[in-house]
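Chain nomenclature is as follows: A, B, C, D, E, F, G and H, assigned in order of appearance, with residue numbering initiated at 1 for each chain independently.
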Amino acid sequence: PRMMTAAASGESSVMKDAFSRYADYLNQLNDKRERVVKASRDITINSKKVIFQVHRMSKYNREEVLDKAEKDLAAVTEQYVARLVKELGGTDFWKLRRAYSPGVQEYVEAATLCKFCKTGTLLNLDEINSGLSPLSDPSVDPLQINVLDYLLGLADLTGELMRLAIGRISDGELEFAEKICRFVREIYRELKLLAPSMDDNHDMKTKMDTMLQSVVKIENACFSGCLTWSDKVFSSGSQRRKNYRWLLIHLLSSL
Amino acid sequence: PRMMTAAASGESSVMKDAFSRYADYLNQLNDKRERVVKASRDITINSKKVIFQVHRMSKYNREEVLDKAEKDLAAVTEQYVARLVKELGGTDFWKLRRAYSPGVQEYVEAATLCKFCKTGTLLNLDEINSGLSPLSDPSVDPLQINVLDYLLGLADLTGELMRLAIGRISDGELEFAEKICRFVREIYRELKLLAPSMDDNHDMKTKMDTMLQSVVKIENACFSGCLTWSDKVFSSGSQRRKNYRWLLIHLLSSL
Amino acid sequence: TTLEKQFQDFRHHLDESVGLRDRIRAVAMEIESATRLMHSSLLLGHQSRPVPEVLEKAKAQIGVLKELFHRLAEILLECPGQYYRFHGDWRSETQTVVSLLAFMHWLETGNLLIHTEAEEKLGLNNSEFGLDIEDYLVGICFMSNELPRYVVNQVTAGDYDCPRKVLKFLTDLHAAFRMLNLRNDFLRKKFDGMKYDLRRVEEVYYDVKIRGLAANVGFWPSYW
Amino acid sequence: TTLEKQFQDFRHHLDESVGLRDRIRAVAMEIESATRLMHSSLLLGHQSRPVPEVLEKAKAQIGVLKELFHRLAEILLECPGQYYRFHGDWRSETQTVVSLLAFMHWLETGNLLIHTEAEEKLGLNNSEFGLDIEDYLVGICFMSNELPRYVVNQVTAGDYDCPRKVLKFLTDLHAAFRMLNLRNDFLRKKFDGMKYDLRRVEEVYYDVKIRGLAANVGFWPSYW
Amino acid sequence: TTLEKQFQDFRHHLDESVGLRDRIRAVAMEIESATRLMHSSLLLGHQSRPVPEVLEKAKAQIGVLKELFHRLAEILLECPGQYYRFHGDWRSETQTVVSLLAFMHWLETGNLLIHTEAEEKLGLNNSEFGLDIEDYLVGICFMSNELPRYVVNQVTAGDYDCPRKVLKFLTDLHAAFRMLNLRNDFLRKKFDGMKYDLRRVEEVYYDVKIRGLAANVGFWPSYW
Amino acid sequence: TTLEKQFQDFRHHLDESVGLRDRIRAVAMEIESATRLMHSSLLLGHQSRPVPEVLEKAKAQIGVLKELFHRLAEILLECPGQYYRFHGDWRSETQTVVSLLAFMHWLETGNLLIHTEAEEKLGLNNSEFGLDIEDYLVGICFMSNELPRYVVNQVTAGDYDCPRKVLKFLTDLHAAFRMLNLRNDFLRKKFDGMKYDLRRVEEVYYDVKIRGLAANVGFWPSYW
Amino acid sequence: TTLEKQFQDFRHHLDESVGLRDRIRAVAMEIESATRLMHSSLLLGHQSRPVPEVLEKAKAQIGVLKELFHRLAEILLECPGQYYRFHGDWRSETQTVVSLLAFMHWLETGNLLIHTEAEEKLGLNNSEFGLDIEDYLVGICFMSNELPRYVVNQVTAGDYDCPRKVLKFLTDLHAAFRMLNLRNDFLRKKFDGMKYDLRRVEEVYYDVKIRGLAANVGFWPSYW
Amino acid sequence: TTLEKQFQDFRHHLDESVGLRDRIRAVAMEIESATRLMHSSLLLGHQSRPVPEVLEKAKAQIGVLKELFHRLAEILLECPGQYYRFHGDWRSETQTVVSLLAFMHWLETGNLLIHTEAEEKLGLNNSEFGLDIEDYLVGICFMSNELPRYVVNQVTAGDYDCPRKVLKFLTDLHAAFRMLNLRNDFLRKKFDGMKYDLRRVEEVYYDVKIRGLAANVGFWPSYW
């Protein structure tokens, strides 16, 4: 059909002009998305390294190990999160969310883990976000991690806390394990109430199941820790068993 | 258990030394893998662009469009494949295959598509590989695309050829479509014989199914193209139908 | 505790989002309802009623759509910057809207409805709430999908010049689309289908041409 | 044609690979068979036969394994640089081999079998065909998985010092593993299990300790 | 025409069904919301808060549920004979309600919540709208799934008599279920899972018994 | 005990349900068998045997179906209010029945089989056990799915007026369906498929029209 | 001990089974390899090479297959009564063999390859080792799946009479299959797919018929 | 025609197969029912009722089973050589039967139920219809799976010597199984699970041993 391709009539060139604008738009968007994906991968890998560093903690080296973890985390923030912030350039936080969400979730996981180990408390979203503000050019909107990614990261945190708790029990730090147990239960309860309201809660549903498993693993570990301890207490002689039993209950409930 | 962690006995430090070597090894390997993955993603994206460029071809602009596609392909080779070659540094071609295989497959797809459109022939693996040799440092082994990735890329090629064929029929280039049809059938037959011998032929099985669908789509398009043509020939009058019919059969079989 | 406090805030935030989304979905369903009426009118085009009559009925819905998109825009104003958070909730309805507007525009003018024109028709030209370009492009693909059927029915009804015009339009459109570099997503899949539309229209064009039916043109507006 | 020629070459190449893989699998199955015998001997360890007797039987298989790995290496020599192409075909068998060698080494010396020592035991020290470090590490995890059972059975049989020694070993090993940055892969999953081994051994250690049973040491070789 | 007339009737019919279903779903979602709050309160039970405190919070929701089931019943009254047509729309929510009520009842009395008691608690005792027996049974299975975790946490908190009581309860419940001929459906699958709960509770009871912790304590209410 | 008593009652209840369901399934399978025979006869229609001959054989099964639906109705009478509990057990068979009856009716009269006519044919007109409207509608969609094939085969056999008649019928039917607000369920999916049937019939009509084959037919039975 | 004795016997028994199965699998893989070559030759049929040429190459493999099935039969003779124990090991290969033989037979004679003829071709006619009827039927379904593609390519190559002949063949085959009461199994699923083949061939026949291409040609061998 | 003739034969063949299978399934379901009663009785064993009482009830079902297997054998006699064709239809039921018989036998004698003894108990000793060896072995694995739970419950009930006996039995059984070369199939998977049973019993033995509970038992029935 020769006639139609030879044509470069007014209309046809209007169409071409329009589509070359669309092409530019798509090319730029895709390039940006790709750069964001790469930045996100870097954040993931390096946040995971921070998490491994935290797990190097033992009863005897806690301060030292956690100091290094915090330093590493700060490096992740300054190097890799900063690059993500730069690539996003203050826009498309929601449009490109899927491209950076995995990295941000892992970062939340690492940051909240560090904070919990240091202080026993939960690092708030506001605290994380205010730490990110200085990274961006003051002329653009600062990257704000959204509630969803924060909550998804928190859900993963419980898996790491489970690992931590079992290690702590091995190290004899039963109280620390109990503390983790209470903390994780509280997060689980709160998320259980929130999860159905989350935007696209399919991921979250899976994570809730995993989280419950983690809670149960911690509880089982505390259970067997307590049994070992009770053996220890009672083995001295059955006469004093009754008294010790009440002591034990008292001790445990005060944890 | 205080006694065991305080220990820095000879044995324990041997273990530590060994594990710090393992840690170095794993860190380096993972970093390298990540760099290779990124290089592979770049190759994929840019090879896809070359494929889109080829599809911009019509009856009237073929030379021009294909020349640009070849130039773009050369740029992919020199910029992105070269970076992959550099990252691999002449080693781990098989160990890191999964990290770069998607990119290499897409590159094979783009390169063979260009070549077929230019010459109507299949770009051989040797030809591709000899094009890669100059990219590497002469001191290291040059990257050689392996048979598996080449064949997997070829399997994808048939999908692009299907798109091309239907476009060609619309453009009235029935002969070109027939040529594509024969070419794709031949590749299908050859791969059908090879596929079961391939290393991990799960991917290939899926691709074979898709490929058969592509072949059938091309055949159906040729079928309806021929019917349209036959209508054209016969519509002049049913008297001459018989003669034309033999002519048509002759014409078609000589395609 | 701060922990409880934070989660309470989250709960507020998320409950608000759910409320927002419900309102958005309600508007989207109204949009869907309006496009169904529009579609019904345009279907008469397949039964070869005169173009002006067909268009008149369908155009009546444009005002409704404008109003609905205005409401959408206002809802989104309550949560600035979150357009793409809720995008999925009106996305497919918008794509259908684009396809119908573009079909009507083509019936009227013989030209493609450009993205900015589509925004204008929906009253989105100077608002924060725009028409996503990918949605626009998907809508155009949807329109293309309708053309083979339209051509077949027009020819059946005796309009033998229609295939030529549609073929020209679709050939140009297909060429324009090929300028884009697409990812392996929904748009790519829809665009992949366009080649079959082109192919089918071309077949009809040949059917008409080889039978010498394409001659009796004349009653088509001058802008073609 | 060149096309047919090329595919014929590929066919040759792939058929050869299939042949190679079959030969590799055959050796791997012999390795598996040898490790089963070895494992059977070591199981007697769980029934608390004297260590030297237990080890002797198991050691007899090391020579066999050495020979088999030598054969593997020779096959791989035919296709230089393709170690990791076929790696999956002997991978899990090798991991089991490492776990058994490391267990035996620990029984004998109380120390961890280092990667280079494992290679040496298998005669791989100066060949092109080495022991992949990740396979080695997985093997060590497998060994760790066996220790709780070993400790339980030793205590049942009256060896009350065993838990202390195993606990020390496993604590150090666990600390060493934590130096690694792992990906979310098989090794990570196996390592994740190690904490439960440690936990269980610790429980047994406490069980023994609180009952004052851990005292009667004495008959354990000097290198502990 | 008859055809148009018929489809107009259908339209009414379908619109009514949709309206009904929307109202039912709205109530079902409120039920879900109430059970979420209830569940959240009961989760505190795992932290060994005193039973009365835990129950009090949860009980506050029973009134809400009663009201909601009353509304469900009223909606269903409008379309007699169609209970099972819409059953799927409140089914899983009702099963969760049963599981929570049964758990609370067991905490209070140590007994199984009987079907008629469950109906009574939900205000369904003398209405047309009853509690489907299979839903009740599934709910009971869900409750059983919670017990192992509860027992573990109670023992951790020092209540060493809990395993014995739960084991007795669960053994009886399991035996009762075994009397039923279940088809290969959802209920059967849930029941099959109950044996794992039973096994876990047996293990916990074993753990406290073997340590001599499960002694004859006396401070348990008389109804046990 | 109450618990045992309750589960005994449940056992009876469940056993009764199973019995009921088995009897229903048995009838449903007989219905399926009758429709297969009917379908076989109607397939001859695709081979363009004369309509009366084709219909005669198929009609012989209507009596059988009537009897079977009567049996179904009687079984359901035993458990009032549970029609929809077991509905799934005869649903798809009934839909097929409707599609065949409607096809036969169209062959005979050129009209759509109305819902009440379908009930009458199956002897359900004045019983408690009716034909669910959605089942009726799904059955009509199934009939529509058969029409493109029927048209193609009729044209092949030389009946060039068939496409026009089917197109008119299907266009009206499609328009009637469009009046309904369908949910995103099975019926909606089936209805969405109807547009492909319509499109295909339009194509066939186009094929005969453009070749001048559809023109010169003059006699059409009065009821069309 | 008796226990050891028994397990020694079992060991022999299982090793023999394994050996048998390995030998069967080896033959089955050779069958697969032969059918691949056969299939590859027949694929040329789609490129409209002359039938005799296409068949010649493919027929060369029949002798090979005969020999292989003979070997299978001999192996099975060693363990009478266990045909169905190992049936799964050669099942799908045999189905492919049947489909290819039946396709070749149809190309040659225009008739369906009868079960006994298939057995004869494979040299199974007077042996204990027969061709399972369901395997035969599945193979025939596979052949049917190839026909639409064959018809399309034949028409493209100018053989306009092919659709008529294939349609007749497939209609008869489909009718014959409909006589069977198939369970809801693999065969049933395959048979259900046959109606799509039939429909596609009907469409192709329609395409050539409507264009007046399916005229009474005369050069077709007498056995059609 | 030959074709029709052939398919008529097939129809008979397939209908016969279906009939046979239905009868087999009916018997298999009765077997399942009998084993459920048997299992219920044996569960009392977990509640530590006296062994003779527990066994008596269960033994009552053996006669029933014998009769049912006799009926199975008779059905299979009608189609010689097809044992393995229908094997899957009674396979899992038979495995359960073996597991229960073996458990009862062990309770009575402390020994493993030998294959021939199992056949004898089921009246299969001198019939053509035997007990498949792999089914026997899977059944034994199932029995092994029950032992950890049995041991735990026995210890809870104060029988501290039980773990020792079970451990000895299971160790020997496991060693015997290790002699077999198992393929990667269901049996292999079940056997792999046996090591967890063994490990659990070792743990329980450890628990009683370390607490000095296992020591002072002196009388063991003579058959142990």
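Throughout what follows, a residue touches a chain if its C-beta (ideal position, glycine included) is under 8 Å from a C-beta of that chain, and two chains touch if they have at least 3 such contacts.
Fair warning: this is a prediction, and the values are worked out from it, not measured in the lab.
Peer 1: In contact with subunit E and with subunit H at once: which chains are those? Just list them.
Peer 2: none
Peer 1: Would you kindly give the rotation angle relating subunit D to subunit G, two copies of one sequence, based on a CA superposition and rounded to a multiple of 5 degrees?
Peer 2: 175
Peer 1: B-C versus C-F: which has more C-beta pairs touching?
Peer 2: Of C-F and B-C, more C-beta pairs in contact link B-C.
Peer 1: Taking each chain's centre as its mean C-alpha position, how far apart are subunit A and subunit D in Å?
Peer 2: 35
Peer 1: Roughly how far is subunit C from subunit G, centre to centre by C-alpha average, rounded to an integer in Å?
Peer 2: Each chain reduced to its C-alpha mean, subunit C and subunit G end up 49 Å apart.
Peer 1: Report, in whole Å, the distance between the mean C-alpha point of subunit B and the mean C-alpha point of subunit D.
Peer 2: 40
Peer 1: Give the residues of subunit A that touch two or more other chains, as numbers and ranges in rising order.
Peer 2: 1, 5, 30, 58, 193, 224, 231
Peer 1: For this structure, give each pair of chains that are touching.
Peer 2: Pairwise, the chains that meet the contact rule are A-B, A-C, A-D, A-E, B-C, B-D, B-G, C-F, D-H, E-F, E-H, F-G, G-H.
Peer 1: Sort out for me which residues of subunit H touch subunit G in the complex.
Peer 2: Listed in rising order, the residues of subunit H that touch subunit G are 2-4, 6-8, 10-11, 13-15, 18, 80-85, 87, 111-112, 114-115, 133-134, 137, 172-173, 176-177, 179-183.
Peer 1: Name, in rising order, each residue of subunit G that touches subunit F in their complex.
Peer 2: Subunit G reaches subunit F through residues 171, 175, 178, 199, 202-203, 205-206, 209-211.
Peer 1: Touching residues of subunit A toward subunit D in the complex: what are they?
Peer 2: 48-49, 52, 55-56, 58, 163, 166-167, 169-170, 221, 224, 228, 231-232, 235
Peer 1: Once bound in the complex, which stretches of subunit B touch subunit A?
Peer 2: 1, 5-6, 30, 34, 37-38, 41, 45, 58-60, 171-172
Peer 1: Under the definition above, what is the set of subunit C residues touching subunit F in their complex?
Peer 2: 36, 40, 46-47, 149, 152-153, 155-156, 204, 207-208, 211, 213
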